[in-house]
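Each chain carries a letter (A, B, C and D) given by its place in the written order, and its residues are counted from 1.
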């Protein structure tokens, strides 16, 4: 794979344990050390743009993310993002030409024993090497078109919006 | 993703420590429970063909693996396999038409704290949804053409055979 | 060891991350499955009294805990408890005669990768088999007299109150 | 607790993943980093005497272990040791005066996800602070008199030798 740009924005994937008296909920991005630990055979660069729960990501933030990606020389982009507004950010990236972009995150913090974080990062990394240019979401082991997926909050999972009646 | 056929053959990924033998032996395949734990959004079926360290996989075994895949109705296949002869098995699957097949495994058992198993399974699952029909290897975070990759034993990693002199 | 009574009251040790609430909440007590997994050679019984962060444990709650222990036939008691008011609860148990009681908890949830939960439970279990009757706290690998220990919130650790000036 | 001397001798607790082509089975002792990670409130010193599976520990080795402990100024000693001949080594330490010594180990390597290593180390550390001088074994959550315990190989656990007929 060509050099991968990784843009981190926060989200559950990077959450620490926090309690009522903690100021800092979202910690250092975990993806860099995960990829190093997995001894990946490609180069990558991590750009930490923000540390936000995605319920608090504003449209201004989304434009910041978009601008960072559009300005990069790199053609393959992995974005870690909170799951609650991941689709919204993905849709804003859809018209950036000539880049293959995959957003992923986690429903449980990477620091948790049975987190989906490492699996989801793996899915995104594998998909990035085979997908056509465009923007995609990797959650629950599936590669989604952002126009056709939503997060089902009650069941805490991503699902297709194309459910037949 | 369409329904995924998972063929397990053994390998380090499924090894467990057995204190009474002071040794590691191949246990129950881990991939089914890993995918369930990750709450993947696709159906899958696990066929356990053998439990062999891939140094002990024979050509007869490889033909068994090939026959199982060729006979299946399913078009997307994930094969877990020991890393030592993974390339050899992959090459034997290359001429099966109309199937997208990815082989993966792990350099450390899935039961180990910092194993690459879950990451590699994620890579394979993500890649399967975007690759063209054919056979591929997912190791060290890269999707490899089996004709162009080898396992470097000294460094315990997969690398391209296309290294310029 | 004679049969161990385990009283659970909540605390960080049992917290789980709930994505839909973007928060940690106290889940099912972990100690029973931890001891089973460790294949301990003694009998034990788990009594779940409450699921409270110990900042929210009231004096009425502490009397409930005390009454449960005082009424038991069992002589060896392990109490899992939040760390913030663990000392306060311990002091209320000090005058229960003929019982060896150890309180422990964790600074990170048992469900976290690098939690102190299992280690602390081990400390408490080991100490219970050697201590004289009375009440003790097991945190940070030390067995403390509750009259001589406090939780240092800034450093998130337990320390002796007997620091010379 | 007074400063703890930790003597490491190898055993399953420190085993790496190894295969037919590995030379080194027993890795760097894990106990030092475990205790640091748990932020224990006492000082300790690790002396690595050997890296042996305890089936290969000789009487000469046992005398080496004994001599190291007897010569130390420290009064509280934790010995990590393979489980297969742990009782034998313990019996040789029984007559060292004025020291509280606990042997522990693990039935699964500390590098494994669900290892008993951390729990057993916790048990030993907790017990050391309450036991009378003498030698003890901490396994399966129990503190054993070495004259009254054996390892049951079929069931892979420690049990009392005082079973009534």
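Convention: contacts are C-beta pairs under 8 Å (C-beta built on N, C-alpha and C of every residue); 3 or more make two chains touch, one makes a residue touch a chain.
Here the structure is a predicted model, which means the values were calculated and not measured.
Novice: Where the contacts of chain B and chain D overlap, which chains show up?
Specialist: Touching chain B and chain D alike: no chains returned.
Novice: Look at all chain centres (mean of CA atoms) and spot the one farthest from the centre of chain A.
Specialist: Farthest from chain A by mean C-alpha position: D.
Novice: In angstrom, rounded to a whole number, how far apart do the mean CA points of chain A and chain B lie?
Specialist: 26
Novice: Using mean CA coordinates as chain centres, what's the gap between chain A and chain D in Å?
Specialist: 44
Novice: Would you mind pulling out the distance in Å between where the CA atoms of chain A average out and where those of chain C do?
Specialist: Averaging C-alpha atoms per chain gives centres 38 Å apart.
Novice: If a residue has to touch 2 or more other chains to count, which residues of chain D qualify?
Specialist: Only 113-114 qualify.
Novice: Report the complete set of touching chain pairs.
Specialist: Pairs of chains that touch one another: A-B, A-C, B-D, C-D.
Novice: What part of chain D is in contact with chain B in the complex they form?
Specialist: My answer: residues 12, 15, 17-21, 53, 55, 83, 107-109, 111-114, 153-154, 156.
Novice: Provide the residue numbers of chain C that touch chain D in the complex, in ascending order.
Specialist: For chain C paired with chain D, touching residues are 1, 34-35, 37-42, 114, 116, 118-132, 138-143, 157-159.
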